[in-house]
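Labels run A, B, C and D following the written order; every chain starts at residue 1.
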Amino acid sequence: MAQIMELKEAIAENVHDGDFMALEGFTHLIPHAAAHEVLRQGYKDLTLCRMTPDMIYDQFIGMGRVKKLVFSYAGNPGVGLLLRFRDAVENAWPQALEIEEHSHAAMANAYEAGAAGLPCAIFRGYRGAELAEVNPNIKSILCPFTGEKLAAVPAINADVAIIHAQRANRAGDVMIEGIIGVQKEVVLGAKRAIVTVEEIVDDFGDVSPNAVILPGWTIDAVVRVPGGAHPSYAHGYYARDNAFYKDWDRIARDRDTFLQWMEEHVINAGPDAFGRYAGKGSR
Amino acid sequence: MAQIMELKEAIAENVHDGDFMALEGFTHLIPHAAAHEVLRQGYKDLTLCRMTPDMIYDQFIGMGRVKKLVFSYAGNPGVGLLLRFRDAVENAWPQALEIEEHSHAAMANAYEAGAAGLPCAIFRGYRGAELAEVNPNIKSILCPFTGEKLAAVPAINADVAIIHAQRANRAGDVMIEGIIGVQKEVVLGAKRAIVTVEEIVDDFGDVSPNAVILPGWTIDAVVRVPGGAHPSYAHGYYARDNAFYKDWDRIARDRDTFLQWMEEHVINAGPDAFGRYAGKGSR
Amino acid sequence: MSEPTLSEIMTVTAARALKNTDVCFVGIGLPSEACNLARLTHAPDITLIYESGTIGTKPRVLPLSIGDGELCETATTTVSVPEMFRYWLQGGRITVGFLSAAQLDRFGNINTTVIGDYHNPKVRLPGGGGAPEIATSCGEIFITLKHSSRAFVDKLDFFTSIGHGDGPGHRARLGITTKGPTRLVTDLCVMQPNPDTCEFEVTSLHPGVSRQQVTEATGWPLKFANQVTETAAPSDVELDALRALKQRTAEAHEGA
Amino acid sequence: MSEPTLSEIMTVTAARALKNTDVCFVGIGLPSEACNLARLTHAPDITLIYESGTIGTKPRVLPLSIGDGELCETATTTVSVPEMFRYWLQGGRITVGFLSAAQLDRFGNINTTVIGDYHNPKVRLPGGGGAPEIATSCGEIFITLKHSSRAFVDKLDFFTSIGHGDGPGHRARLGITTKGPTRLVTDLCVMQPNPDTCEFEVTSLHPGVSRQQVTEATGWPLKFANQVTETAAPSDVELDALRALKQRTAEAHEGA
């Protein structure tokens, strides 16, 4: 049952060293503020799972908190490579990084299977793709009706899932709108779930009966963090800060620049820093 | 690409004798007007597929149009048994009826697999259930990661799907709201799809970006039939006619009463007969 | 207020088995009546889920079907039917599945498919619907139906959904990890599975009901628990809530 | 209007390959530019789909990422990512997948994963993302990228997604029923697979480009079709639309 609480407390209660952790949001609603709090609290040996590790995991990797990364596209979307990730894979800096790499289709299906309580997902995939030869977690089954060979991957069930959403109500129900990615799946598939939101409202008002809503009893902690997705965005609240994504390429290129930036903007900052990016109704 | 057309023409162009046909709508938005037009045009030897055959298929069965029925719950929900279906199964009246029977979970998964272009669906089901012994289309696979035995059923891909929805726009995009059942899945899984709607509007206005919308290019024919779901209902338009569902028990109990009712209300009627049940905004 | 009928005692007693924190997958008919009564009395925050996709629904009147508009209009959210069966039922999120039956055996196995032979039935019933997977995916199962020797049979004509199968260990052998039927409420008594044999035995008799009455209405050699209590009578609050609910429902269904 | 650059000819030529009736799965970068140009010129009704879940999107400016807000705000509908990959891509509803590449071989196989050894890479690239299944699920594949011998290689370092594999019949042997890459547009030429060998060969040269220039920018022994035409130059309308799109995009991304 969702407790409405402060970010510090939500992370402290639900994250542990060595956790299998998934921070999701497909370009949209990436939980940057929550990620920063996890970094501040110093958790390490994490196995991080995310379709697009992106800037948010580049920070964990560059800070040496990640043992293993499960992913399907490790770029800075539209900008270029993910430079702290590169440094870890190519040079083991600041430490070696174990990787489990999939295609988007595989991970989307694996999250779906995780939410559905199945041990694995099947799909028509990986045909002629070399990943199937380097990742032992890609197997296959034969359709018992047609004999067709289909790819199989294990379901994703994180120890803790963290997402960002637009709104929660007082009961802790969470509503998500726009590019909804795998938000529902990662929460329903996880043992524990934290949701940061732009606003907590009395009720959602006159929304569609089919609005994407996670009932409060599927969530452990709901935290109000206005602007908490920045530099990602919140549909209906504020736009993606594309200029910042471009700038990340410069920040992450050099180890010292990166560490200084992290010290100043993450380690010595707090969730309030995100407040200035919040903006109801702006794009 | 959806053509906006008249009901008569939509059915004539897309339905054929012997088709594997699925008219869906889980209690809500059942396409009764379209079903009546199919009956009027006299198609026979149909294989009918539907989770809850309900009154709508009771009519096809009683009129002798059905060769085979694929289903998971053949009752008059909340009222009792489905009497024309019973008469066909128990007494082969007016003709023998072949059946393929599943659980709801199996059929929901099979529709999902049909939409997803897979040959089969897997799920944790049918454990200790005798249906698995009488239905050869229930098989199993072993999870290649855990060894767990999971049930498998073939995907459902109808020759023609028919659904009812609230609204279409001029481009033939269709919007569905409320209890959405397997509407999206049956359309995306079918070779051809017909959608009857309460209204055709210029645009959907300010709806959620995640509203359930089937783009026009996934549909063959869109037909305006106000009240076309009666005695089922259309969320936001008119309520379920529960009294009529109760009355169906009386109508369908006797073969002659049934045939007379069909003659009067279906064979010698037209889609306009549904207009009087339409009602924007009423429940 | 008039005395409660046995039917009313059945519904009230079934409702009492539900907790405020339960997430309940609701079958239509008697289960729906009991679940909504629980919500309107001691369990206001109970989450009721109907297989039509409606989650956290709070209908003012009882739905006739599993997908009446009222269920959607009062729900927290409404999802597609595939999502309902995949994420919510199979996902293991349901604490209690509440079922009824046409035939039931001593192990809580259920038949709602046929009377007679499957391929040549005497009476063709509706079939399982959601029951086969409800019976295995929910944390535990409550069953409610009226007592009669036609319903409480020695041997099922068809095995629609599993209860305790042929007894201890059967569920586990099939890879089922949930509890199965833990409580059966009829219009005569409450029954619970014997911890050693898994066979349903009477644990409480409704006020004024005799052992003989129950035994005669049961098609198998009925057993009674070592301690058989009397079912606590419905309170005025419960009875009032139930009668008002049924009254509202009758009016709404006539007026439709 | 100033003369078109080779980059502009590339985008215009890539855009022309798309039809008004196509349903196109759009990769970010050059493919997105070409697809939106097609939509803004000769193919106003083309359906553009981005893997973020946005279906029928009509962005006013080019998105920087695959999930910019503009894509959702202008879409017919936005679905979840699992639904996107299951119902829309795997469901066989896409006529054209439009990809780019880091490395490409003569059979249109693509590498976007690593330069060097997978387990000990010289350069770790982003990886496949949606490409492995886009390459096999779409009706056909168009590819666009700039010509260079570093990109057009004799042998891929990693086989991220399949084109024609090792030649005729390879896709069929893997159970793939779609066409694979049918068209490759670079900043120097247009290439199409030879119907007998499946090897990409030059079918048209952009205005002012010589055979030698293309051969030198290609890392495998390049072949030319029997008939090599000159790529039709961009029209003023096309060029105008492209330049305005890029101008709007630059302004929007700076201002963000």
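One rule holds for everything that comes next: a contact is a pair of C-beta atoms (placed from the backbone, for glycine too) under 8 Å apart; a residue touches a chain by one contact, two chains touch by 3 or more.
This one's a predicted model, so the numbers in the text were calculated from it and none came from an experiment.
Taken together, chain B and chain D share the touching chains A.
Touching chain A and chain D at once are the following chains: B.
More inter-chain C-beta contacts link the pair B-C than the other of B-C and A-C. We define each chain's centre as the mean of its Cα atoms; on that basis chain B and chain C are separated by 28 Å.
Measuring from the averaged C-alpha position of chain A to that of chain B gives a distance of 39 Å. Distance from the chain C centre to the chain D centre is 57 Å, each centre being the mean of its Cα atoms. Each of the following residues of chain D touches two or more other chains: 72-73, 78-79, 86, 90, 137. Each of residues 112, 116-118, 123-124, 148, 178, 180, 184-185, 209-212, 235 in chain A touches at least two other chains.
Counting only pairs that meet the touch rule, the chains in contact are A-B, A-C, A-D, B-C, B-D.
Here chain A touches chain B in the complex through residues 116-120, 122-124, 137, 139-146, 148, 150, 152, 154, 177-178, 180, 207-212, 235, going by the rule given at the top.
The residues of chain A lying in touch with chain D in their complex are 26-28, 51-52, 71-75, 77-79, 81-82, 85-86, 89-90, 101, 103-105, 108-109, 111-112, 123-131, 134, 148-149, 178-182, 184-185, 233, 235, 239-243, 245-246, 283.
Considering their complex, residues 21, 23, 47, 55-56, 72-73, 75-79, 86-87, 90-93, 137 of chain D touch chain B. Interface residues of chain D, counted against chain A in their complex, comprise 28-29, 51-54, 63-69, 71-73, 78-82, 84-86, 89-90, 109, 113, 118-119, 121-133, 135-137, 158-162, 165, 170-171, 174-176, 253-254, 256. Across the complex, chain C is touched by residues 1, 112, 115-118, 173, 184-185, 188, 209-213, 215, 217-218 of chain A.
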